[in-house]
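Notes to accompany the following structure.
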């Protein structure tokens, strides 16, 4: 059993707010993150897949395939987008890093040509990340 | 003469488009950067000040002062903001990195307690930056 | 269950030596790390908290709260300090990264407003880190 | 129980191909990685050791010792080398990151003066890594 | 006048040796860099272009264009290649970073759609770079 | 003319204070940087040398030589040291980054086997650096 990882980046905007709450409640809860006109980040997404090494190729999974799956299923749908408005798989979701990571897990889980999804790590800045392992 | 530098970061959203042009022209010109609902970045701002070393302090400029000036004049006004809508010193400006760097230069130029502004470097991503030296 | 992480930095000095041993023994054991007048590092502290996502907020824990707890309980007491002399929670401790990480764990363990402390990772340089998980 | 880690780098060349396959099959399987004259990387190797803290030293393992073991057993034999031709412990191995990580694990497993090998993480680029934990 | 920069990476192998010298002279001169079977690096190439900001676009040069030119003229011809054997614009050149940077400058100098080439910076490792400004 | 650069790191402690001033004046001037028992940093030193490429070697200066000169003249004398007490070439100097960079310039200026010293850049943290060019 071995773990392989690929990191991709995307640039997106969002506004953290819960539409079920009032503007005042949102501002109390989220502070500047609830800014009405939004703000944004360069996100980094690190996906880890686990599996056995195929003796014929020496690979668990060709990283070119992992890159392609990440791009088609996730990165192209998030990059240069507004996470509140433009992304179908985030509809009705408060776009916190926690919720985005879980949503990315769901998009990738059954899309890998080989190996098994082990974790999705999402950096919002160089100082903050969340990690989801399907637990 | 010596150069000192301080790096600060801010998270902002923007949409690159020229309001004097049609939507089609903007999309041709800017592609995904013109996405109507915007996108965003973690910007890094690196400011360089040049000056003589004060023999009493060993400093050109106390970095705590440079940090404070950057924060008050620039970073607090850009962080968690929409660069098209929320920033007075970017009004009527297409918020490309080039234009933001020049605007930051203007905000900082006369605000330093000592030393002289040498350059403003703005990273939009880890792979792209612009640098303005007042030339 | 999801994991969230926050990274903070602090600049501190220390001298690695065991007061129960002679100077010669300390030098044999620790080499240049035992230099009498000390040396120092830019430490990076990465704290991971695990928990359930609160559906109301989309957060396990507001990172502003984690940042505040880290600052008050740990970073402000370590930053610009001498780890042998200035830090009460390191008293009678050889200030190796191992011992600092365990001491930081103890300071943070019961101070989190929500979620559970999962790990404390301490980078002494870009090349060396220790990680403590309370095991 | 605590974990300590040391990172070292080496510069090496390789060609990914399986000698049991034809040139056409290799090119289909590996694309540009199978380029006949090879290509190369700055690899980063991150080794994690777990153990109890020795109360006399405050260390699990002196990082100078871990550095020395990594250097003698692995880094000096890989640095400025061709991984297909120059490395005895990679003989008859397709030099993918997966296979290199497993081979490094075998070289280090019984060579540590104290503590137990926990994981070997190998970065081929800033975007790709594999991790092997002896599972 | 403003400066814009784009960073791209490529993975390549090389052997540093001067074919006009004997094997012994090459080994004396270059040490392990002259290893017969080669070694390799993840190179990072940082290109800086200077120019005026176009008031219509807010750009000196669209970074997508700079990226495309770098890719077509340089990166695709260097990535996953052997710099001694596979690259026409390095023929009869000892592939030191100095010589590669000058060769890259020549390839890019007249290929920019707007602006003027200011510098070519080539990182061989995180610790070493060369910079050529056409002087 | 081409520029080559080498980066080395060292870990040191210091206390910023001017012995000609009172404790109160030092604390007003330097704040926590004047902490009596000191603090410390992982410094990164980036030295740039300019020169012509030697057609026989393809080098301005063999980086192994630059590394050796940096190590012998500067890094070994600063690493794991107290910059107020342990370093002869910093005697009677307030150990600010500005003053250290100028002192390093003086140590290196006439020690290079070929090429000419162009600049000394000293990072005190990832966010702060000073650069001295002998102007």
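Chains here go by letter, A, B, C, D, E and F, matching the order in which they are written, and residues are numbered from 1 within each.
Throughout what follows, a contact is a pair of C-beta atoms (placed from the backbone, for glycine too) under 8 Å apart; a residue touches a chain by one contact, two chains touch by 3 or more.
Since this is a predicted model, take the numbers as computed values, not measurements.
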item: Minimum number of chain-to-chain contact steps, chain A to chain F; value: 2
item: Reference chain B; chain at largest CA-centroid distance; value: D
item: Which of B-E and C-F has more C-beta contact pairs; value: C-F
item: Reference interface B-F: repeating pair among C-F, D-E or A-C with over half of contacts shared; value: A-C
item: Farthest-lying chain, centroid of Cα atoms versus that of chain E; value: C
item: Length of the line joining the C-alpha centres of chain E and chain F, rounded to whole Å; value: 29
item: Junction residues of chain E - those touching two or more other chains; value: 126
item: Contact pairs between chains, per stated definition; value: A-B, A-C, A-D, B-E, B-F, C-D, C-F, D-E, E-F
item: Touching residues (chain side chain F, partner chain C) in the complex; value: 9, 11-14, 32-33, 35, 37-42, 79-82, 84-86, 125-126
item: Residues of chain A that touch chain C when the two form their complex; value: 16, 18, 29, 31, 93-99, 101-102, 126-133, 135
item: Parts of chain D lying in touch with chain C, wherever the complex brings them together; value: 1-8, 48, 53, 56-60, 63-64
